[in-house]
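Below, chain A partners chain B and then partners chain C, in two separate complexes.
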Partner chain A sequence: MTATTATTATTATTATTLVPRRRRGPGRKAVLPWLFLAPGLLLALVFKFLPMGKGIWLSFFDVRPFLGDKWVGLDNYTRVLTDHRFQDAVGHTLLLGIGQSLGAIVVGFFLALLLEGQARSLKIIRTAVFLPVVTATAVVGELWRLMYYPTSDGLVNSALGLLGLGPTPFLDNPDTALWATMVMGVWIAAPYNMVIILAGLAGVDRTLYEAAAMDGVSLWQRLRYVTLPAIRPAIGIVLTLAAIRGLRVFTEVYVLTGGGPAGSTEVWMTRAYTLGFTRNDIGGASAASVVLLAVTLLLTVSVNHFRKRGDVR
Partner chain B sequence: MGVRRRSRRLAAMITVAGLAFGAAACGSGSDSAGSGDPNTLEVWTRSNPDPAATYERVFAAFTRKTGIKIDYQPVINFDQQLQSRASTKDLPDVMINDTALMGSYQSQGLLKSIDPASIEGHDQITDKTWASTVGTDGEHYGIPYSRQAQTLMIRTDWLRKLGLRTPTTWAEMLSVAKAFAERDPDGDGRKDTYGMVVPGSAQNGYAAWWGASFLWSGGAKIIEKDGTGYRPAMDSAAAVRTVTWMKDNLFCGDNGVIQPGAISAITGTATNFQDGNAGMYLTGPYNIATYDATPGKDTYEVVPFPAGPAGSTVLADGENVYFGARTGKAKQEQALAAFLISPEGQRLAMTGKNQPVVRIPVNSTLDAAQVRDDPRWSVVQRAYEDASEQFPNAPDFAPIKQDTADALNAVFTYCGSDVGAGLKELNDTLAGDLKDQDLLK
Partner chain C sequence: MSAPALGPVRTPSSSDRADTSSAAGASSRRAARRARTTPARFDTALGWNDRPGVSWALRIVLCALALGVFAVPFLTILSGALSTHPSGSSLTFLPHDSTLLNFRVAGERGIWDYFTNSLVIAGGGLLLQLVVCVLAAYALARHRFRGQALIMTLFMLTMMLPEEVIAIPLSLVLGHVPVVGIDLKGTVWGVILPLGAWGFSVMLLTEFMKDIPNEIEEAARLDGVGELRMLCQVILPLCKPALGVAGVLGFIMIWDQYLLPLIAAKDPTDYTVTVALSILRTDPEVGSGVVLAGAVVALVPSLVVYLLLQRSLVTGIAAGATKG
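This part shows the complex of A and B:
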């Protein structure tokens, strides 16, 4: 929907530049796109930007709505950033975000290669593979918690049992809990990436494949020199989305492990949630969220920058 | 063109920022349907649909009797929603929630202070129970509504099959737990049963909530009153001894004493007693209705918590009625509170086909076992009256409970850890929590 709106806006703007009357000031045609955009912008203002502004404002206060908020300057930031639990949570977030993003891109890419085509059976399989994306994350988390059940009754452990491996307490061992969460995250996100990459693959010029086949290149060379360069824009989109999504991971962790055991899966957002809603420290939670906002922004801009530099090259 | 592109880029960046921050930022409040009507009270309870049906019955009876309407909202994620509403300074008129949260609400200024004498029927609540609603400044901030104490639910059919007796000490409880895990009490020929259910996750402070009865019965305390303030007490010899016993025997001892995954379980996921594969569960009496359905009323009994080194004192908790700050409906709120604590209101909330929302009545003219015609409730009532201790309600206990749960969960997770060092660190953290509230002595 956003893409359609943007296209409409661009087309309308381009059309406007062709009309000589445009030079005399903003005419009716210039206002029209903004009229179409207004409902969306209004919703974004009320539900996104005002709360965001309020969150930034609250991060400088000891929040006590009925006793009067107390200005504390940067104290909330200092307290949050020097808290070793928060520092650990940031480390877990980065590990989880990077691992999950890269894993989901690689798996999504291979799924796309496997499921590219027009056959009806492929459409059914693609729909089945896409299911994790449209299923509520809380439900997925509950399913995986059952799959990771730490005895041989659990699905994963019963499969390991067939290979002669003993049951593993995936979620109860602090050394494995984060990795187990990452695997679930990859499972959820990979089909989404698959769809974007499939769209990219559909645009690859088939004659290049034919030429490559005539030249007798290997499968790896075909991937390396034809497929990957052709789907670079799709990979760029997937990377940008992964950068945003990776840092905001919350539901998966909250449902699957609640941040435990012993804080081994605590991430940025679960820590902010605990601060805000278990400890009632809204100022601290806001400060943690503002830092997350800043880092996400930085990461998104960096990814875009490197993507564009790659495109130019 | 360049300017336009730059402005589009800026707009895109702001959008990304909004998307990233929207989830974390505070939500805006919502006006309740009847918040403007002086004859309508907006009432919130932290309830799932089943207990909410009981509340609806109680409020309907109140409306029939007084003509005051109730805009009732059962809220599952209560604290999150309450903080959102607090940020807009538009609180519900009346809230019914845990006793241990009173200090937290009071410290944020969310509650109106209450004069017990202004509530009709206040003299039918004992002084001891009224004392549990006094805040740090000596004022009352809640009206007692329901109380409960933890008791042990135990599979009597399993005990009979294995020729065992109901345990009365921790050592006996441990022996029974091992027998339940190893001697195939369900007779299916498989080693698929466990001794005891434990919600041991730190999430929402569960490890501290479930572990408190062990701490109390082991002679330990989390914090202690000291003059006008408090001091942390988790580095005591009794605390170290108790937590070491729990770690060595339950979490790091023989496999099967507690259910698999206990270290990351919360009450919602610790369903093994109900599922029929665990033989004991130390929990609140609100589960009685559920367990009467499965595993079945004739398969288990409700018994006092087996005694530890310092007796069998268990965690007591319950719910209070709170009045939201600045609502301007004092008369209607007081009328509702009077109905809720009256024999009629308490009886209605204790009976019916749905989960009861009053467990042990605060009204001293009622007897839980008589009202329900079920002698098991007298076990709970005796546990509450004779051998229970609540989390302190006067300080903001939320961070104290969470820090205690985090520390206990970590000790139970790392079997090779030094319990003394872990609890010393916890004690320092608790001192910080009390200092933040200007209550450290």
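This part shows the complex of A and C:
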């Protein structure tokens, strides 16, 4: 603290030598940044960090609204982690997260390759293709519920009918519901990835393409040895962001299937939500959230660690 | 899929032609001119060609396919909302018999009230978010103080604490805010206040404000400009691009909120229009046309913002990907 006051004092004196009118005590100068930070810190404290602390705290209790909370130690955690519906939910979360991330990368990559260019018509197509990203997830969910309409006159089913395939009740069949949800997730995320990969593609050195053409390499080799290495950083970022986002998937699943049928699309967060808000098991739901938070933080920190190391190299 | 197959055929043949033209002793100037008039081959990773040909036709077909998959569903929302009986096959590009009946029914179910809720929350939330984040970014970028790195980390942590993960304790906090003890549930503040501090905007604005040259600030200080005027009249006008990005992304983020309005509501009349779609859907008396009419109402604002400010949005996403 003494160091700060000393430095602020010197800056204050230089200020006073320059502008005698603005003579102010050193205390005021040190307080100033905190005045600007106060609203943000206060809101973050009350609506982010306090709930986080409260969630961790409640995860050790059996929460009973009128009887008072009872300390149960790690009981909530063991109960949640051994619950087979939660174990299923972990599997669904991982499958959905990984499938969605990879699918969205591949589709986004092909979209970027297809729509790369300066022509005005391409810009218009890119604008249109990007629509799923800016649309609210709840709206997308309603749209896909209707597209997945189970009879043969639903949009997807009538397209399948053209190919000679029978109507599938995508969302009502436990075998297909999770895959149907995944397709929607890819649809939402692929254009987002497209934009990031396009930014990466724009940075590729054009003379390398020219040189490759001079060497007479095939298009596939050109993609493999020139384009892909150049946009690898962009792909790495996209993949890790998607994986972290995939862990806490909620709205997509909740709107499209609500976790059903028969729990076949239940993910970690929808399960925690049901436990907390419908079953009123706040302790168990808090424990589930804390586990998810820990995994997310771990993943984020390790990703940042590896990315920083990658940057140095 | 057949795009790579085109490459080996095209690439050697056209490079051969370039080789022969220079080898045949044609003046190097002519070769250079040709290289300048046909640089398109190296503009894209796949080497798409602008002139009519197989590759050109294939690209048009693939573009049409991409549009069909990603954009046409939005036309079906509109046509379904305008159709009298939009179930199944009438989900096509054009409504069979256009009518505004669906919107009237949706209006009777209170869609405009939900819409108003949404607008108040989006407007108020965005305003609060921008003010809060600009103030914080100004302190972080233009001042030096003790604990600066820690504060930055705290703001970045807010990005890792999404509503999903803290939903249950957050709903308890909203019901009884500590110290002041107010119940925010059922008010728009319950949705607006938690959106105030958004790490992404703080980071984006801080990075941008750091790049403003010190000379400008020093010159203003010599004129005796105070801190607030410095921020509002010197720094902010220079931050317009970053403010645009933060504004667009913030609006889309707030409009996309689902869980927060759900847990902050006391009863369904407090819902935003996106959350209220589920009420319309579970209402046995309304058809899918009415749900789609609601979807159109929920879609239009984000669509308008996107179309007006899409350039900021795209730069913001690219910036967020490299920094965040």
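We adopt the following convention: the second predicted complex is superposed on the first by the 248 of 313 C-alpha atoms of A that agree within 3 Å, B and C clash if a C-alpha of one lies under 4 Å from a C-alpha of the other, contacts with A are read in each partner's own complex, and residues count from 1 in each chain.
As a working rule, contacts are C-beta pairs under 8 Å (C-beta built on N, C-alpha and C of every residue); 3 or more make two chains touch, one makes a residue touch a chain.
Computed from a prediction, not measured in an experiment: that's the story for all the values here.
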- Message: By the touch definition at the top of the document, which applies to A:257: first (chain B), second (chain C), both, or neither?
- Response: first
- Task: Please indicate which partner A:279 is in contact with in the superposed arrangement: first for chain B, second for chain C, both, or neither.
- Result: first
- On chain A, which partner's contacts cover more residues, chain B's or chain C's? C
- Message: Let me test your reading of the model: by the given contact rule, A:33 touches which partner, first (chain B), second (chain C), both or neither?
- Response: second
- Which of chain B and chain C A:67 touches, first, second, both or neither: first
- Which partner does A:171 contact after superposing on A: first (chain B), second (chain C), both, neither? first
- Item | Touching partner for A:289 - first (chain B), second (chain C), both, neither | both
- Task: Kindly list the residues of chain A that each of chain B and chain C touches, one partner per complex.
- Result: 44, 46-52, 54-55, 58, 145, 149, 151, 153, 248, 250, 254, 269, 272, 276-277, 282, 285-286, 289, 292-293, 296-297, 300
- Item | Parts of chain A lying in touch with chain C, wherever the complex brings them together | 1, 4, 15, 18-19, 21-22, 30, 32-34, 36-37, 39-41, 43-44, 46-52, 54-55, 58, 111, 113-119, 122, 125, 127-132, 134-139, 142-143, 145-147, 149, 151-155, 158, 187, 190-192, 195-196, 199, 201, 204, 206-207, 209-210, 213-214, 216-220, 222-223, 226-227, 234, 237-238, 241, 248, 250-251, 254-255, 269, 272-273, 276-277, 282, 285-286, 289, 292-293, 296-297, 300
- Which of the residues in chain A come into contact with chain B in the complex? 13, 44, 46-52, 54-55, 58, 63-67, 85, 145, 149-151, 153, 169, 171-172, 174, 177, 244, 247-248, 250, 254, 257-264, 269, 272, 274, 276-282, 285-286, 288-290, 292-293, 296-297, 300-301
- Item | Touching residues (chain side chain B, partner chain A) in the complex | 4, 13-28, 79-80, 83, 86-87, 89, 104, 107-110, 192, 201-205, 260-264, 266, 269, 325-326, 396, 398-399, 402, 406, 409-410, 413-414
- The answer for chain C against chain A in the complex is residues 3-4, 6-8, 11-12, 14-15, 41-48, 50, 59, 62-63, 66-67, 69-71, 73-74, 76-77, 80, 87-89, 91, 131-133, 135-136, 138-140, 143, 145-146, 151, 154-155, 157-158, 160-162, 164-173, 177-178, 193-194, 196-197, 202, 221-222, 224, 227, 252, 255-256, 258-259, 263, 274-275, 277-278, 281, 288, 291-292, 294-295, 298-299, 302-303, 305-307, 310, 313-314, 317-318, 321-322, 324
